[in-house]
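There are two complexes below, and they share subunit A, which is joined by subunit B in the first and by subunit C in the second.
For the complex of A and B:
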């Protein structure tokens, strides 16, 4: 098969895949349906303060796996749903930020700076249209970069990296994430090594499951999805419970401001926004391609760059559409670029990507990494078809975003009125239920609560969560790469230092940690949304 | 950054954890050591990864301790990690969660024990009855409702009628999502019986 046949096979896997139902004899693909469902649900959840895309991805993953099963046919509907949620939540996050000065997602914080002043001037409709236009443009741009970059990067990695270099590259990625997320690189590193340690429990190649203390409880290892859900979602739920419990007397109702200004967004106005959107999209894409940094920093940098470019009558921070566009284009263009390290290296750089990897690992038949982009001509590489199918779902979500997203996001402003103290306990029960339906054992619920407590404590001691989660997920790959590299080197104790590339990666791992340890990062905007 | 004392304690705890892992846990609880030679073939043993991870936790914790010791007192920015209020909240939340999960787990079996009988008139087990209404949903409804309602009340510091309604609605919605459309999905605690 040639390149274009693979692309076409991916497109057909989405449009002509298993049918959900038929209208007038025309089958509607279940994958398309799931992408649309995920996208609109993502907008609703993104518009709900306290919830976010990762939350829906986390609780829906076990449920979807229970429904679709562990077959290759399940891959595209489930991953399409997750992609839809990721994109929808990015758009939805700006709605409460603009209407109520409450960012729906952390990366929408900068949107409040100009979005809410525009609302106060009676221009909420214009601000929402600007946010949608910038968000959809940034997102589409970063997807196009992903489609063109990831395959080449993967071919490069597959062609030039051996086992030792791959192990060194995973170490470099872990140390990069540990160093850039959170305020202290040392704490990030401790979190990463703790993840490796816990992932070692009950696994290994010997008959006796290592570190299981002879118990059946630990003999099968720590369930992957349960542990990730516990640390990421339950930890956040417990933290928000405590915060609400402390703040319960200071809650104030959010008032709606009547709108009477110019709320349209003309073609001319859109054209004026394009330089801001273009620059922010490039900034967001570059930031997104680096693991661990996250969309919050992208939004901050996009806003700062836009501020320097701006020469209009209304300053940034006083309610200018350019401010909204610069922020939204930057934070939205992170989502596509985030998948570059996932698909080309198999390394998740943010929480959304974590759940895509979890879905692929749980279902099987698709191992994100350089081996996906093997353009075999004599036989079909099914992983490559899935990869192009995934790209197709992303483009379909973008089309939905351009056509219906703007109108839909103007309807979901009501979500901000749902009281958080009533919502979060429902999330608590929902997460327990989602884990149980997949594992069908109360033991998994206890694991979930245990890891939730760990996530809560890590947040309390300001230890970043993302390095822990990423190293927990990559521990198996790292160990396999190390074992293979050791075996290939014929038990050379310096097996990681024999290749110049591997030495460069390891040296960079140390340099990155030293570099980020030198500057004190106290600005919370610099940290990832997870921590 | 936390206070200097809290960071020092944190470093000490992780240093001890790392040392415990490499001195006690992994050596005592792994079948093979870091490097194994069997029939003249040398391979990486199961202890390799956790030993390296444990050692690196200890090293990073030691560096963290050293860096914190060099830090000025004025750099302290955040409040205490765990104050009395946080502990009081955790205790209440843990007790409440344990109680609700116990209700979820036992409500169905106790109801079967009290009210249900088998086809031949003899006592039925919960496993036999877990697919029939109302036993199928009893544990989830009672446990789920109490979990949502009591947690909301704990957070808000008072009982509200509106929260009773929202908690009931939440449980109903979850049943509609998870149970009604699928025959192969078991709600908690039915998979355990």
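For the complex of A and C:
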């Protein structure tokens, strides 16, 4: 099979895959349906303050796996759904940020800086159109970069990286996440080490359970999805319970501001935005492609770059469309590029990618890594077909975004009126149900609540969650790579420092931590990657 | 006297009635059967187990709930299954070697081979030592020659036993390999393809690459030649008296009622042997094909496997 046949097979796997139902004899593929469902749900959830894409992904993943099962046929519908949610939530997150000055997702924080002032000037419609245009452009751009570079990069990376370099690269990724996310790199590092520590329980190569303290309870280790849901979702739920308890007297209704300004977005205006969108899309794509850094940083950098470029009459921060465009193009272009390290190395950079990896790990039949991009000619490489199928679902979500996304997102402004006291208990119960559906044991519910408590405490002491989650997921890969590098070096104690490339990676991981430790502003709003 | 008569009458009645029910109806599971799988979801063994469950449900109407209890080379599943009641409602699919070599090699696995009732084997591995074709090696002899000529040979193994096997092969031929532990069935394959390893064990996933001509099976670790590489030599040609393949099979906790054991193992063997069954077709494609060994034959097979493992461990020491 040649390259184009693989691409075609991937497209067909999506469009001609298992049918959900047929209209006039034409089958509607279940994968397409799941992408569309995920996308629109993502917009709704993204527009709901207090919820975000990660929540939908977390709750639906165990449920979807129990519906679709563990066969490779389940991969595309489930991953398509996750892709849809990821894209929808990115678009939807800007809605409450623009209309009510409350970012629906942390990525949309910078959108409030210009979006809300535009609303105050009566230009909410224009701001929303700008956000959608920039977001869809950035997203599509980044996807195109992914499709063209991922296969070649994966093969290249695999050619140059041995075991030691791979271990060093994972260490670099972890220190990147630890240093970049959150207010304090040291807290980030503590979180990352905590993740490694907990992931060590009950795993490893020995035939007896490690660090289980002799209990059966810990002998099989900590269940992956349960732990991730615990810290990410349950921790957030507990924090919001506390927040609601504190805020119970200051129940302020969000007032809607009457809109009277110029709310259209003409072709000429769109063209004027293009330089900002272009630069931010590149910034976002580059950041997304680096293993370990997420979209919040991309938004910040995109905004800062746009600010430097900007020479218009209205300054950044006072309600200019360029500000909205620069932010939204940057944070939306992360998700596509983020799959480059996911697919070539199995290293996720943001929460969305974490759930894609979890899906692949739980279902099986698709192991993100260099073997995915093996263009075998005589035999079909099913993983490569899945990879191109995944690309197809992303493109399909983009088409949905361009055609229906803008209109749909202007409808969901109403979501902000849902009171948190009604929302959070639902999230609480849904998460428990989702975990129980997959694991069918009370033990996993206790794990979930335990990790929820951990997530709550981490939020209380402003310790970032993402380094914990990513190191928890990568711990197994890191240990394997280290053990292999050590073994292949014939037990050389300096095995990590024998190749120039791994020395560079290790040096960088120290430099990153030092660099971000100096003069890092502690902005409390930036500490949480998830909402 | 009188009491004794009543007693014996009661026993006779009880016996008669139990025989009557046995004759009328075979053992049937009294509820859903939990099928524990000793491997991660999505792999070859997991797929086989799920296909087995599907076929058993279709043929007998039993509700079967597959559950992955992966980890520690099958020891995690064995430890969990041991504590389940022996009522036929909990069975497990595993690599049989985890109940032979695995028990002997582990310091304290938390179970013994006597903790289980052996129902039936299903299929076996197609383990071979692989290398990239571009290296020019045709068989293990070429690799040994290269090592003797001073080349460092790194070799991937996915289990402690296969790592020991590399040591033994080296010892028997006067060379030494640098052994690297790899993860799962594909770890060694990926290492070889990416040039991180020179050679590696692979128990089936190499089929695609060998057919395409990118990879070569240097030697068969099974007692018979490999299906896809019938020309690959056996290990006994290199002074190694052991084989390193394993069977996959289904076990239940010890003390399973013989009637239940018979019903379960017959049902499994029927599915394995039926060329129309999805399981049969899958194991023919992905493993060594149908290899049902049930009942006393299976007990004898396991006894022999343990005996060979003991000899193997002595040889390695």
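Rule of thumb we're sticking to: the second predicted complex is superposed on the first by the 516 of 531 C-alpha atoms of A that agree within 3 Å, B and C clash if a C-alpha of one lies under 4 Å from a C-alpha of the other, contacts with A are read in each partner's own complex, and residues count from 1 in each chain.
The rule is short, and it goes like this: a contact is a pair of C-beta atoms (placed from the backbone, for glycine too) under 8 Å apart; a residue touches a chain by one contact, two chains touch by 3 or more.
Just so it is clear, the model here is predicted, and its values are computed rather than measured.
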{"item": "Partner chain(s) touched by A:406 [first = subunit B, second = subunit C, both, neither]", "value": "neither"}
{"item": "Which superposed partner A:442 touches (first subunit B, second subunit C, both, neither)", "value": "first"}
{"item": "Subunit B versus subunit C as contact partner of A:66, first or second or both or neither", "value": "first"}
{"item": "Which of subunit B and subunit C A:483 touches, first, second, both or neither", "value": "both"}
{"item": "Touched partner set for A:367, first subunit B, second subunit C, both or neither", "value": "second"}
{"item": "First (subunit B), second (subunit C), both or neither touched by A:205", "value": "both"}
{"item": "Touched partner set for A:238, first subunit B, second subunit C, both or neither", "value": "first"}
{"item": "Partner, of subunit C and subunit B, that touches more residues belonging to subunit A", "value": "B"}
{"item": "Subunit B versus subunit C as contact partner of A:432, first or second or both or neither", "value": "first"}
{"item": "Subunit B and subunit C contact sites that coincide on subunit A, given as residue numbers", "value": "205-208, 440, 483, 487, 490"}
{"item": "Subunit A-touching residues of subunit B, taken from the complex the two chains share", "value": "1-2, 6, 10, 14, 21, 25-26, 29-32, 35, 42-50, 52-54, 56-57, 60-61, 63-64, 67, 75, 77-78, 81-82, 85-86, 89-90, 93, 97, 101, 105, 140, 144, 147-149, 151-152, 154-157, 163, 166-167, 170-171, 174, 177-178, 182, 184-192"}
{"item": "Subunit A partner contacts - residues on subunit C that touch it in the complex", "value": "40-43, 46-47, 50, 67, 69, 71-73, 75-76, 79-80, 102, 105-110, 154, 160, 178-183, 186-187, 189-191, 193-197, 208-209, 211-214"}
{"item": "Residue ranges of subunit A in contact with subunit C within the complex", "value": "69-72, 158-159, 162-163, 202-203, 205-209, 216, 219-221, 362-365, 367, 369-371, 374, 376-379, 381, 440, 476, 480, 483-484, 487-488, 490"}
{"item": "Touching residues on subunit A, where the partner in the complex is subunit B", "value": "63, 66-67, 183-184, 186-187, 189-190, 193-194, 196-197, 200, 204-208, 210-214, 238, 241-242, 244-246, 248, 421-422, 424-426, 428-430, 432-433, 436-437, 439-442, 445, 449, 460-462, 475, 478-479, 482-483, 486-487, 490-491, 517, 520, 522"}
